[in-house]
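For reference, the structure I am asking about is given below.
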Amino acid sequence: MAVMTYAAAAASALNDAMRADPAIVALGEDLGRGGIFGQYAGLLAAFGPERVIDTPISEATIVGAAVGMALTGLKPVVEMRVIDFALCAMDEIVNQAAKNRFMFGGQGRVPAVIRMPIGVWTSSAAQHSQSLESWFAHVPGLVVLAPATPQDNHALLKAAIACGDPVAYFEHKELWPLQGEVDADQRTEIGKAAIRRVGSDITIVSWSKAVHWSLEAAEALAAEGIQAEMIDLRTIWPWDRDAVFASAAKTGHVLIAHEAVQAAGFGAEIAATLAEAGNAKLARLGAKRAPVGYAPNLEAAVRVTPAVIAAKARALLGR
Amino acid sequence: MAVMTYAAAAASALNDAMRADPAIVALGEDLGRGGIFGQYAGLLAAFGPERVIDTPISEATIVGAAVGMALTGLKPVVEMRVIDFALCAMDEIVNQAAKNRFMFGGQGRVPAVIRMPIGVWTSSAAQHSQSLESWFAHVPGLVVLAPATPQDNHALLKAAIACGDPVAYFEHKELWPLQGEVDADQRTEIGKAAIRRVGSDITIVSWSKAVHWSLEAAEALAAEGIQAEMIDLRTIWPWDRDAVFASAAKTGHVLIAHEAVQAAGFGAEIAATLAEAGNAKLARLGAKRAPVGYAPNLEAAVRVTPAVIAAKARALLGR
Amino acid sequence: MSQSNIPLSHLRALYAMMCRIRAFEDAAEIASKGGVAAFGQAAGSTAHVRGPLHLSTGQEAVPAGVCAHLRPADYMTSTHRGHGHTLAKGADLAGMMHELFGKATGFCGGRGGSMHIADFSVGMLGANGVVAAGIPIAVGAAQSIKIRASHGNPDAIAVTFFGDGAINRGPFAESLNWAAAFKLPLLFVCEDNQWSATTKTGAMSAGEGAAARARAHGLVAETVDGNDVGAVSETARALIADIRQGKGPALLHARTYRFKGHVSVDPAAYRDPKELEAALEHDPLVLAARKLIQLGINVADVDSIMQAAREEVAAAVASADGAAWPDDAAAFTEIQSMGAGQWL
Amino acid sequence: MSQSNIPLSHLRALYAMMCRIRAFEDAAEIASKGGVAAFGQAAGSTAHVRGPLHLSTGQEAVPAGVCAHLRPADYMTSTHRGHGHTLAKGADLAGMMHELFGKATGFCGGRGGSMHIADFSVGMLGANGVVAAGIPIAVGAAQSIKIRASHGNPDAIAVTFFGDGAINRGPFAESLNWAAAFKLPLLFVCEDNQWSATTKTGAMSAGEGAAARARAHGLVAETVDGNDVGAVSETARALIADIRQGKGPALLHARTYRFKGHVSVDPAAYRDPKELEAALEHDPLVLAARKLIQLGINVADVDSIMQAAREEVAAAVASADGAAWPDDAAAFTEIQSMGAGQWL
């Protein structure tokens, strides 16, 4: 156990992983000097410039090249610096990395971790403050992670690299300096939420920096005699429905809090899922979370059709 | 009144608009030959190559240039061919077009309509079949439209060009050949849904191609004695809450159906909004749909904070 | 360099590959009629090949000439117009036809179709539905070869094919710079068919074209008559030999012509018929056949090469036609491992 | 071309602009200490200027020399490092300082800050937080000038500043091609300070640099000593004159040096101190002052120019300090017209 920052935890996890597996490489701008936030500190010295790759300012090619590396036996960890710049590489993330395995019928795998720090960061204004995790939850093929603690940034980064899927990995810019204990051997499963506080009155579901605010809020509520249960989702996709539903059943009240814009944020997905389950009079229908296939039957299999709509309407009406 | 296709309706609307306002220009690949689907038919001949601009295959610069045009007095209509290719221009759409007015304190306006056809289109597979409208609903600064009929494609395209905001405009690839009556003088207000079918038993909310499936489903249900009310949202942002809530109050049952992937699709936003309003035990909290400002108080104004979380929790618990 | 320099047996092999590509494209074209709604055409339900189908008819000399110098350990990325590249890289012809027919037995199990043809078993890492998107992927594959040098094939290379229109997308320039900065074993091949969908590329492209842009980024670049398969082959051979020796990336600009519309259902009504007529005079297959005859092969022999290709393709069509559709369940497999089965 | 060719009065004016930029950057730097957490520094709450602040200290000759030839009707886009460009384009110095302080009286009402400085009233269409993103916007502004030729300023131009690191992003190449293909009135200015954040640009950039890439796309391009304000001015004058005459776009590559770290709180520990020492020998302000003295202006006069600049800046800082914050409500205005007020 050691106390380290959220940034140092990431560097340490990557160090461990790279030491264990020579297929892992890291690429992005300014990595050689340890990254602007120290999240790659020491790695160049440890692994050399072929594995800790300083790249040109070419976001599209950073991700595109990572796809090519991943398809040919490497496991790239890709640095985008802030999610806002990843917007320069959305074709590569969404059309190439996420869909590759499916489009090519399983011939290719893209075990790439794309790090896209989210969040507000001291007056860095509109182009450096976004939180777009819900976009990636909407894209079949991607795993979506958002650690809130040094321990999780250590364990989830390792899990992300190991999982074999392309991962949208969201660190938070205001969490870089956060200190915490890190057990390097602790494993955190993708898809499992953490209950950060046990309570009986209300469930607060959150992730990333908002976890800390939620815990602060929970303390304030506790002083008033309200016991909040606080669930840190950690994995946005596949999210831990069991944990959320179990807590909701216990407390009877659910508040979802995230830093991203509320409208069409991932909180909507959670709320809608809870609402549909708890309320027989509301339902959604959309395509399955699968890329659209080419063969007519595969294309049809994921679509919403008049028959499906009618069936769902009947079910809602209990007929 | 004339009968025309969804594609021809767009061409006709653009023709009318360009005739009335010399500031309107259209740009994109292959426009000069009328566009691959005829949605620009006749425009080059009518307005010449300075206003109907054939561009290189440079999506980032197509949108970036449109931003520059819009800031300097033009009203560009931008063709992306399919939403999938717009992923090559996400920085320009989200970081530049959407945020410009706010970032620069209202000095600039970006009256650009960005056409990004969505939807499945006969075996064109994973990179030509996406529906990503929920992404754009999540981005402050954007208007989001998705017409389902030739009439709406005519009227909403005009409204989009006239509205002065950057508009994410989603036509549907399978609707291009759809025939319908078009009254060129009919105006359709942004933000107003259309009730396509009146019914008393269940409300089906939909948009784009899924409207037609929903209507088909409604017919099937009618044969069984179930009267569905069918709401074509048309505007995804700002969406017509009044229409949806009024219908929901009447029928007591709501089904939201869209072609996009269900997970984190815009249906979640509607369902969550309905659920929160109808169920005192569920709530979401996220940032306001506003770009993040620079001054400390502006930055703070849009954020979710511990105090806000605690307050919402209290409200949920009725304390 | 031109055909005259290459040995007869090599030219014969190149011609055979070109014939296979031509025969494939011709058959796919027929099977695709009514397969997609665009260019004023409606989609029927009878087509065997559905969706946008981009034919490389007339451009066969480029993949044949370049890929003659590639090995299975070399990687390739391609474009929406990738049948020729795929075949020339050594992929099974029937596997590709089955994929175009959307069958379970196709390369991608019917999930991809023409725009997502791939045969990883021969190093063909994929066609691409997004213009220029294959280029950075090839950059990564080339960098991977360098990084994994100890893993077996240190002198392997990557090759990326792209069109003349693609050079105006940013990732092309980014990739030129990147490949040169890291001195990667990568051959860029600009297959210049003069058209970008319905637009003549010339007016949209400033400067002296792909080769000049490559040189400005420090790459070696050659321009070649892309209808002269011997010239393509000889030029590619020299460039590839240097790349294998670690001399860094290079670009080959091959001038050719698109005989068909942009997609198979596009009648190309926007094109001056004279332009096509003139181009047909330089049909790369005719030129190669003529040369073979000059070199002493008799006409019947030459014809038999094409005949064999057509028979191979006909057999592939027949077997594709008879093959099974994918299970519906295949719509939900090979998406991702974590969270597999969570669709909603 | 060099300073010696330009008239004294012009050089004096250029020097005065450079002094204003230097004084502005120096004051902003002091006001920003502790303003953002990066490079191992923590953010304090006492800083007047918050968030990433990119200083152009040492690069003043480039904006001064180029913008001397611009008019209010000309458009400009800039980068994250845009204070110098903005001032040189004629923007009010105090308005910019107020914006850096986040005040309601700043150019953007406190919404933008340093990375989103803009003064549309003088044609300055914005700094940008995304590398290279201003370039296509300038392309559009230039095309707009052409399209709206009848609307008043047919010989207006657009100019876009960008860094040496930015030339490796796709939009730079796309924009070169586009500007040349449409023969737009656009000057590209690569302000080459040799660094891209913490990385030496050289190793990341293949080929002969910005000018060579521009030429490959058919543009005229010149390289100049970017610390010699006279040389910058003369070269820019000539290029801009041609652009105004409709000869199409051009690129100016100006070599200079970044005296400070990447952002104001960056101590640039990764940099060999000798490199900075050597660069300081070519401080563009020192060079220009020396030349003014050679040309007969006395030292006190020269000093008084800088003195005046420092006083102007001090007054701006004082007034910015005393100015009001924006209303909280400003967080929710100027976002969009349709659906204004619908935040959730």
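The first chain written gets the first letter, and so on, giving A, B, C and D; residue counts start at 1 in each chain.
By definition in this document, a contact is a pair of C-beta atoms (placed from the backbone, for glycine too) under 8 Å apart; a residue touches a chain by one contact, two chains touch by 3 or more.
Note that the structure is a prediction, hence the values are computed from the model and not measured.
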{"item": "Chain labels contacting chain C and also chain D", "value": "A, B"}
{"item": "Contacts common to chain B and chain C (chain labels)", "value": "A, D"}
{"item": "Chain separated most widely from chain D, comparing mean CA positions", "value": "C"}
{"item": "Centre-to-centre distance between chain C and chain A (centres being mean Cα positions), rounded to whole Å", "value": "36"}
{"item": "Gap in Å, rounded to a whole number, between the CA centres of chain B and chain A", "value": "27"}
{"item": "Residues of chain C engaged with two or more neighbouring chains", "value": "50-51, 102, 111-113, 116, 128-130, 168-171, 174, 177-178, 181, 203-205, 343-344"}
{"item": "Where chain B touches two or more other chains at once, by residue number", "value": "55-56, 58, 60-61, 84-85, 87-88, 91, 95, 102-103, 123, 125-127, 140, 237, 262-263, 286, 288-291, 293-296"}
{"item": "Chain-level touch network, classified as line, ring, star, complete or other", "value": "complete"}
{"item": "Partner chain B, residues of chain D touching it in the complex", "value": "50-51, 75, 77, 99, 102-103, 106-113, 116, 118-121, 125-126, 128-130, 133, 135-148, 151, 158, 170-171, 174-175, 177-178, 181, 325-326, 328, 330-339, 342-344"}
{"item": "Touching residues on chain D, where the partner in the complex is chain A", "value": "35-40, 42-43, 50-52, 102, 111-113, 115-116, 128-132, 165-166, 168-170, 196-199, 203-205, 270, 343-344"}
{"item": "Touching residues on chain C, where the partner in the complex is chain D", "value": "168-174, 176-181, 203-208, 212-213, 215-219"}
{"item": "Contacting residues of chain B [partner chain A, same complex]", "value": "60, 84-85, 87-88, 90-91, 94-95, 99, 102-103, 120, 123, 125-127, 129-132, 134-135, 137-140, 201-202, 204, 210, 213-214, 216-217, 220-221, 224, 226, 228, 237, 252-272, 274-276, 278-279, 281-296, 299, 303-307, 309-310, 312-314, 316-317, 319"}
{"item": "Residue ranges of chain B touching chain D (in the complex, touch as defined)", "value": "23, 25, 50-51, 53, 55-56, 58, 60-61, 63-74, 76, 91-92, 95-96, 100-108, 140-143, 163-166, 190-191, 237-238, 273, 286, 288-291, 293-298, 301-302"}
